[in-house]
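The two complexes that follow have subunit A in common; it is paired with subunit B in the first and with subunit C in the second.
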Partner chain A sequence: MKAIDVSNLNKAYRGEDMVLEDVSFDVQQGEFFVIVGPSGCGKSTLLRIIAGLEEISAGTLYMNGEEAGSKRPNERQISMVFQNYALFPHLSVRENILFGLHVKKIAKQQQQERCLEAAHLLGLDELLDRKPRELSGGQRQRVALGRAIASEAPICLMDEPLSNLDAKLRTKMRAEVRQLQRRLGMTMVYVTHDQVEAMTMADRIMVLNEGSIQQIGRPLDVYNYPQNLFVATFIGSPPMNITKTTRKGRRLQLTDGWTAAAPDLTEDVYAGVRPEHLTYAADAPPSFFATVEHLEILGTETLLMFRMNGELWIAKWPGQWDFREGQNIPLKVADDHIHFFNAATGERIGSRPLPAGLTMEAAL
Partner chain B sequence: MTRKKKFLLYALLIVSSFVMFFPILYAFSISFMQGGEVLRGKIIPSGLSFTNYEAAMQKVPLLRYLFNSFVVSTLIMAGQVVFSCLAAFAFTFIPFKGRNLLFLIFISTMMIPWEATMVPNFQTIRALGWTDTYAGLSVPFFAMAFGTFLLRQQFKTIPLEMYEATQVAGVSRFQFLWKVVLPVSKTTLVTLAIYCFLNAWNMYLWPLLVTNDERMRTVQIGLKQMQSQEVSTEWGVVMAGAVLVILPTLILLFAGQKRLQEGLTRGAIK
Partner chain C sequence: MIAVKDRLRAEPKSRWRFPVTLEGMLYLLPSIVLFAVFLFYPMFKTIYLSLFLTDAQGNAQIFVGLEHYSQLLSSPSFRASLKATVLFVLYTVPAGVILALGLALLANQKLKGIGFFRTLFSSTMGMSVAASSVIWLFIYNPAIGIANTIMTTLGLQEMQWLLNPDTALISVAIPTIWMNTGFSFLILLGGLHNIDASLYESGKIAGVSDFYSLRKITLPLLSPTLLFIVTVSLINSFQTFGQIDILTKGGPMESTNVIVYSIFKDAFVNFNIGSASAQAVLLFAFILIVTILQFKWSEKKVHYQ
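The block that comes next holds the complex of A and B.
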């Protein structure tokens, strides 16, 4: 069943600037749906529209099978976790977790049960009587989660909830949030600008840029088959390497001596290669030679940077490789690891994982 | 800090606080002086007698005046705080067209001196038949641009996400104001309340205008009466009255001192 169904949604402020343009997608019940995009792409606005904190300019929004566009936030059966947690500084952890439950006419006894349950789930048992200012960042984050859990709303909306935490804690909370969502079976709509969070947590990702949807799909599908240049360079770290190609008869030339079979297209074509698909050609005939410009040895992996038609390309190899800067090395790329994009539109050419617009249900 | 520096600092502090405090100390000392002592320029009274205080109580119904002042000041304080809270809440959390412009106009009324609006206010009060009533003494002061401004600044420090979180939870606006905004702004509220009370306590012109009945007059008028009723003012009696009048405000200040300080310096350090 569709928990959230958005179709042809538009949002404009003061009737001019389009913040969201013709956005259509759906979220299945129990799904972890991540909306990812650079800052200013409209992802937070979209989440606030789902929450009912912003109004729709055009289009429809259905939640749990009912028209929800005109409902007030509290009628939409949602809970929400904010980037700054929105904890009440004068209330204890317990009161923060229980805030708002009295409005829903839930018995005192049951309120306490829910609070203890949520606190236990999040390891907050010892902290119930503290004030938010006496908590660490990670604990505050947990309290905010606790409030969402205690409300027992079927849909949980999260707006960059981990971005105020340090890197180590973020990795930990990432796993915690994911496990919690699985265990409670809630539908999660999660907004982030961090593609690592999107890749690691999501059942499905929606990539948003400048107010319009770039691609919706399972994380690996989005990674392996980016639908356009934006997605290709946004998802993945380091990003996909892109270069312009020149047509040589029936083949495309990427650089001196490196050609690939040309797709059936007359327009200009960009070629892209993931950093991990640029391999060292020890025995095999190399695709091309590159001059090492810079080397970063990280211990578990080595980043090798070189110029390709003037663009900076990065190769990522597992292990520790020791080259000198200026060294000329042979590189190999398998043909089926080259992605082609239409230079004019930026759209992907060739194979796609799923027909566009196919739902999760069908995909599974 | 060295010992010498500390000594110098405290010496300076003691001298300047004595200078600042001298009028009050002197008034206190005069209140115990008999007849000619004041005119002879004495600083310390010859004896501790409360005859001036008794005289002050007898000459004018000071207790009645104190009671009136207390009621009027409390009413004004409560009214100003309540109305400022509601207005500031609307100006901060409820978006509507022309909100900023309206707020600007509202604030600009601070530039109109109170005296300029006194005559129309008086006519209104008289038309309502509110002369010689507590309502007439207090209601014209309920709307307060400064209080609204102060509280709006405070409310603006509350993250909007808190408001949105309450909306998602289904908590009403009033409950948000009551359960979140006001407790979080406690310091500022206490500051404003004390400020309002003191201002109202020290009012002179308006009570003089709208009260004719002895039973409705406030303390500041009582003090003035003590001076003008006599051919040669008995300063000892007047000062005894003054001491009685500033006593409640002093108590209030001592009680609220810590909060007042916090409130007034809050914007400065954060």
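The block that comes next holds the complex of A and C.
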């Protein structure tokens, strides 16, 4: 069943520019749905609309099969974790976790049980009587999660919940949040600007840019078949390498001596190659030669930078490769690893539509 | 501090160095001088004068010890003054703070044109006591004042606001509340502004009532600001002078003769500077005690973040 169903949603703050434009998507029950996009693209606005903290300008919002656009936040059966955690500084961890439960007419005894259960799940047992200021960033984060868990709302909304944590803790919490969601079977709508979070946590991701949806799909589908140039360069680190092509009869030329079969199109075409698909042509005939401009050896992998028609391209290889800067090396790209995009619209050209029938229902 | 310590460690022991306490004193000197000239000297002089009989110029003549104090404490006039002062504080402080808080809560809503009301509510801050008092003198005028016009339109009896000993103190308290509201409002609005909006949104999602939010989120988080406002209002109210001088001159029948006004009269009308000084010292002690009690009492209830 669809936990959330958004159709043709528009949002403008007080008659200003459109912040969200014609947004339509749905979230299945029990799904971990990640909304990802650069800062300022309208992610928080969308989440706050789902929460009922902002009004819809046009379009419809259904939650659990019922019209929800006009419902108050507390009637939507949601919990929300804010970026700054929204902990009450004057209340103890226990009181923070239990905040507002009295409204749902839950017996005191049961409230305490829920609190202990949530605290136990998050490893907060020892900290229940502390104030938020006596906690570390990660512990505060857990208290915020604890409130969401104790409310037992079927839908949980999270707005960049990990962005205030340091890198190590973030990796740890990523796994924790994901496991928690699975264990409790809640529906999660998770907002982030970090494409790594999106890729690693999501059942499906929705890429948003400047208020409109760029692509919705399973992380690997989005990675392997980006719908347009924006998605191609936003998802993946380092991003996909892009270059302009010139037409040479029935083929497209990417650079001197490197051509590929031309798609059936008369407009200009951009070609894109993921960094890991640029391989070193030791024996095979190379696609082209590149002059090493810069090398970053990270231990487990090596980033090799060179110029392609003036653009900076990056190749990513596992292991440690020791080239010198200025060295001319042969590179190879398999034909089916080249992505083509319409230069005018940025849309992906032809090849490989998403595998049919693989919707969330089937995947779950 | 750290810099000083580091330097001490770095330098060889044999070289002469500026004593740290002296160096610290040097930094404090400007404020010490200002405090000494404008605060400590007058304060000690006042205490000194309160122990003497003085001539008309205010020079100490005969040492009388604590006689002024014992006379004051047994004098019905001083006790009436004390009572008027306490009543005045009770009339103005709670009402003023609650009014300012209410207005600040209203003005903190995100509504169209709220900026206009914010300016309006804080506008009394920009008015001098003298100007405001004159305005209220007109308002209270028995013949042409709007106060009585309102009473008659409401079908009530006309009143002799400032001339009746029973109503005079309240009639001075009302303009005082009006004058203080602007400042209190502005500070409280700033305090409200500092409360994270996501806390209220969290409350909304949980479905708590507005009143619950006010009680459990706003008031606790505003408590440091409230404490500040209450303290300042208390002290201000104990020291009220201008509006008394313009509206009632301590009358009728000494019903508005609050301590500061009584000090003024004793010192500059009756030239009894010794007694006036003793009153000032008593007032100082009184305010000090009230403020300490207030801080003690509120220690548990104020949440500093």
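Quick notes on this one:
Just so we're on the same page, the second predicted complex is superposed on the first by the 354 of 364 C-alpha atoms of A that agree within 3 Å, B and C clash if a C-alpha of one lies under 4 Å from a C-alpha of the other, contacts with A are read in each partner's own complex, and residues count from 1 in each chain.
By definition in this document, contacts are C-beta pairs under 8 Å (C-beta built on N, C-alpha and C of every residue); 3 or more make two chains touch, one makes a residue touch a chain.
All figures in this text were calculated on a predicted structure; none of them were measured in a lab.
Under the clash rule set out above, the superposition-derived model of subunit A with subunit B and subunit C contains a clash between the two partners.
Once chain A of one complex is fitted onto chain A of the other, the partner contacts of A:Pro318 are absent, as it touches neither subunit B nor subunit C. Within the superposed three-chain model, A:Ala51 lies in touch with subunit B and with subunit C [touch as defined at top]. In the superposition on chain A, contact is made by A:Arg133 with subunit C only, not with subunit B. With both structures placed on the common chain, the touch criterion links A:Phe99 to subunit B and to subunit C. Once the two complexes are overlaid on the shared chain, A:Phe82 sits against subunit B and subunit C alike. After overlaying the two complexes on the shared chain, residue contacts for A:Gly299 are found with neither subunit B nor subunit C. Across the superposed pair, subunit B and subunit C both touch subunit A at residues 51-53, 72-75, 78-80, 82, 84, 86, 88-90, 99-101, 103-104, 147, 151. Every residue of subunit B that touches subunit A in the complex is listed here, in rising order: 159, 161-162, 164-172, 175, 180, 183-184.
Subunit A meets subunit C in the complex at residues 51-53, 72-75, 78-80, 82, 84, 86, 88-90, 99-101, 103-104, 133, 147, 151. Across the complex, subunit A is touched by residues 196, 198-199, 201-208, 216-217, 220-221, 303, 305 of subunit C. By the touch criterion given at the top, residues 48, 51-53, 72-75, 78-80, 82-84, 86, 88-90, 99-101, 103-104, 147, 151 of subunit A touch subunit B in their complex.
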